[in-house]
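Chain nomenclature is as follows: A, B, C, D, E and F, assigned in order of appearance, with residue numbering initiated at 1 for each chain independently.
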């Protein structure tokens, strides 16, 4: 043992040392300044990394081991506190660089607005991109109390950028009446309450297409993920979310990137949310990065 | 903006200003002095109000918006600490006034004993009243260690007042042997463990009748509602309780009042219980107040 | 009331005073020094006892009352901090004494390694013993970072002692690839993810045999039992674990002992885990001690 | 080691087995039903016992060891939930029995009202009794919202029973204007804010007299004892309370009993309050029981 | 009791009903979007109000009762999430209206940046205004990572607006080297670590002048106020802060407004911080509003 | 910004990249397997690092900035769970390597036993070493329940190795009678309760000598550091510990290494302990590494 090689669990378990050689890159987006209820998801990425120490590196679900996925944990993007516009620009530029280098981007939030600049960069590279959006909330507002840059607007922006017919939402159980009307009239796909059953119908239709998958941890019932800003009773279980991740892995779609957002450790005294999140990240790595 | 009109989230979200004009009235019953295990439900009503700030005002389940229900949040009844008898008398009188004015009473507990004086007032107005009781516990004791006024006795008292054949209990998974025997022999209805399936059978039988619905939050598994005094493992999920509320809303019974009791914030560090409770209250308002 | 007879909830509810006359003995094994992630299960047994005060003494599931089971709560075995070998020896000797006296041993952990010395003593008395192992983790390692005495090894050791064909694992969702391979190749039984369904198939095969049942609380999803060292998302519910306990009680196997391990109160701020655990212990007593 | 002799930390550390032979008796008074703010002190006595496991048995302050004090922990008096009058009667009777047998009573609360029946019994035996009352609150109300039996009234009742000139309050920093006026006009002694300095003046005056000492944990600043129902900023430190206990021990008064009340574990997530309380109890035993 | 007059603790204890007639107005500024470490102070004002229920209405320190101060709690200003500039503009306008009407403004934060717009409005009315700033942090940055609107800049902005010689900081124990240099060179007053002693020297110099007093709760050691975003070890005690408030009350300065900021309930599981804060607010009302 | 250079707060704030060139090295010793009460200090080092993000890099106490100290955070030594002997051997070897390379060792615990192997390595290099030991506990046991390798023994072992006359303990307020007797008879220095005053007397005597300083966080009162395994009421304040660190920095002794041990995040829900600890580490770096 050399004195400067002590293990410290600084990064997601089994992250490689060489970023340039990696196939996939994990990065944090520690932003929570536009949330309307309980802030704190800025600390999500680092606590997910920390909790990964308790994970096995092997998945019995997928019969695959993290040593089979060449990934690099790059840490958090240093976003400027309280400035949504500059934060978004930095994220878009960062993802652009990753995509240029051919990396699979796997992001950790932070509030859901971070997905918006990621999608802009993804869509630039993949003009036929589709989005799978797993969430308790529609996130289809045009603005939130006058602010177009809000954690309530990213999916609406995605619809406007890519065309609503390429956006597929699952597990939705909260939103304004106007958002549900927009979903119905715009031609986007929206499945209320459930994830697994509707996914079974949608995945075959997306076969062969590049797809970005964004998961808001609050799609889970607060029983399974209390550590989130806007908890919403009546959600799915961890078992169901695992099944959804595995169905996506086993389908014929081409996953080209993904994220897990809205983990807020301040409301997670038992650490159960970050522990579950770190397992979801492991399964996303093992199932989606080929 | 006038200086004295700042929003403060002091009441349940979208409470109207004019109590006299309202169709329904929310009121708290901050009493917990007869509980045998962990006290603290006296703080339940105010924390449920506070958590309502995080709610959408629209329900995608019922396709209805809180602006369609004219309700008033009256605050908490100022019950005297440590005096069960006087507390009960005050509640009965308070509900009597509400009913005289034709209001729909929607109560927030507080321990379950608060339902007893409410039922006395309701029965006085509706002699053909039936009670739907959703709970983990039988609450059928005649007394608790010598005390007839106890959180373990309200449903027994209801049976004695109204006749056991008008009382319907659901989700029950804890009680003394004598309580289960009483339930069996008295002719009341008692469904063990489950709520949704047995409700399907009972609701048609109550068609057209005035019904009071009392929900003890501990019918939920502690995973979904840890913030309660007497948590009891093996309960239903938030999804199932939402379904029960919606089934009642869609049935042909005439809901004439209801309550949600036993929310105890001291055992709810993540706020998941009060957040779920505020959603249940929203659905009760939207589904039961026509 | 004599002054020295005040009730204090020092022991599991309804424990008898006379250990010699009891049919079953509850004992704690407050050891957590080999765990690899979050320690603290040494405090599990006493908090389970404390939480038992909130329990009814009657089970509506089994229609049986604790007064029908003559049991004695002996307290915790005074294990030496930080010394796994001596701790294991003390436990083995303690169980040996219990078995000599014809007591049904019901142990409370403590980390899962405590089950290893119990099994040694049980196997000595019952050479045709089978083991039912309900857990999230395989616990089939040969060693953990060089240590053969580890919370990751007890089931492997049991396989080696008794023959793998007498070991039945349920609910498993985490382990090394090598452990799952061992399970497959050795001839032991291992059911992934589920407990209730696979138990239905296994119980008839064990009819008439003496069986020891060890339950690791982390077989539950962290939603139901956050208070454990190595929480693992995607588990079963409290309802399912109750059903498993009841199926075992109703089967034709001869339960000769059991334990419930890995309850760690430091991660249980709502006390929901210890409250659930105390209910499981009540059902184990009522269902398994004839 | 006999199987039924395992140590379990059920009682205060080093409690003797034989109550009849003991010089001092520890007993809990788990009552909290008249409190006006945050209930939960009913669980105080058992958590103080549990925390005592972490204590050394020797005090470097007093150079005395618990083996030098023959005491017995009798557990909690089984008080009836929600019934203040019966609870008070039971406590008075219990203390009466203790005093008849010549035991030194050391009580653990519970709310402060429990001190009232203790004082009645003490005064009956010691007609020249004085009371040292260490607390943040005056507790001098005649009634609380119409209730004469309230946690806000015990010291007033003591004044009325024994004469205000025999009551000495220290550390007081909260109360109604009328209470402070009563203190001034009645002739009782009341030291605002501080404890140690005023005690120095008072102790010599009480030399030779029998004195009962009641300590409300909320005399400490909430920094030192957050786990109490009615925390009051601006209090003394643990060091100062220890000094007060030691000054009383070293004085020429004859301590004939004492209590420590209002420890409420639900507001004590770090256990710092119960840990401190268990140390205060050790020092009271070592310093006051000769 | 009319049905719509139930007490609910919605506002600070003893707030009057009539805002127009009040001498002083309490208002919340629920903003936390520029903080660099732990957000959550947006919930501070409402939790301080809630905790005020546990307060006595009389202060033994000042021998004054809340019924002697005619104040009105106006609730929270509805600030737009994530938009610092608009939030600041709203606050400035709000305070302007208050001052026009001759009200004494007493603000509850929220992050410390909220004090900046308040000072702009105060300075406009009182050109000879001085500021007493009690805090752990200098808050003298010109910008924070490029953002001039940050919780680290309000006092610098005050210096630039009013002249540094009118700004007096106390209790400071954290900041950049450049901030301490600015303090030294600019001519402002800065007392490191302590509050009470330096105040004794400063108050006479400010005699007769209008003074605004801003208190950041983190001037307290985290032992006394853990519930704040940027806790800083080595601070003063609650007793010392009370003494400072009382010294200001007893001095010859003319307090024309004040605030208490940075209370963040998410880091306050025992509620000790909000309980202490509500007491400080009571003393500010009783001592500063003549 | 390169994609692989994102900041992630993985190490103590301002740690340099190049370990070989550093003057001082921070390393964690995540061991807690011999503790007798509440385990969990294994997670201390990483939480202290994480909390350092909230620190300023400049100390107004010492007028020095972290950029003036060339240090490297090497992470945690990978100690084997549950094996005290191997853990101790690894630490001794690790420190040996550090000292060979001329680094100043600054260790983070972990339980206090980790200091023992550090002292062995230090003494080997500095035969005239003295030890300053700041702690609530004597740690002078010869063994703990038969185990010589225990968190209660490191200072005794140091006395035996180096001679008791070279060991100086401060702040001690808990231990066995035998330990205090040993301290008195052996010739070591032991100051009860206080730290600052006795240090003033001792430091001049140690002028010019190489001194290792070990700080157990539990020397603080639990009000200031609840997050520790064996909290002990009646301790010093954070202000006093800062003063002690600064006095040592300003003295004429030659500090040759130091550690801060026993931080246990599981008992620190507000993070106040890790936040304070990270500040102490900053001051140790700035004051002791010349």
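Rule of thumb we're sticking to: contacts are C-beta pairs under 8 Å (C-beta built on N, C-alpha and C of every residue); 3 or more make two chains touch, one makes a residue touch a chain.
These numbers were taken from a predicted model, which means no experiment stands behind them.
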Along the shortest chain of touching chains, how many steps lie between chain A and chain D?
2
Lowest number of touching-chain links that must be crossed from chain A to chain F
1
I'd like the angle of the rotation relating chain D and chain E after CA superposition, in degrees, nearest 5.
120
Have a look at D-E, A-F or B-D and name the one that copies the E-F interface, over half of its contact pairs being the same.
D-E
Provide the C-alpha centroid distance between chain C and chain D, rounded to the nearest whole angstrom.
40
Quick check: how many Å separate the C-alpha centres of chain B and chain C?
38
Using the touch definition from the top, which residues of chain E touch two or more other chains?
36, 38, 221, 223-224, 267, 269
Graph class of chain-chain contacts, one of line, ring, star, complete, other:
other
Kindly provide every pair of chains that touch.
A-B, A-C, A-E, A-F, B-C, B-D, B-E, C-D, C-F, D-E, D-F, E-F
Could you list, by residue number, the parts of chain D that touch chain F in their complex?
53-54, 56-58, 60-61, 63, 65, 221, 223-224, 237-239, 242, 269-272, 275-276, 279-280
Show me the residue ranges of chain B that touch chain E in the complex, using the header's touch definition.
1-11, 19-20, 25, 27-28, 45-46, 50, 72-78, 90, 93-94, 97-98, 101, 103, 269
Touching residues on chain F, where the partner in the complex is chain C:
32-36, 38-40, 42-43, 80-84, 86, 144-147, 149-150, 266-267, 269
Name, in rising order, each residue of chain E that touches chain F in their complex.
36-38, 172-177, 180, 192-193, 221-224, 226-227, 230-235, 267-269
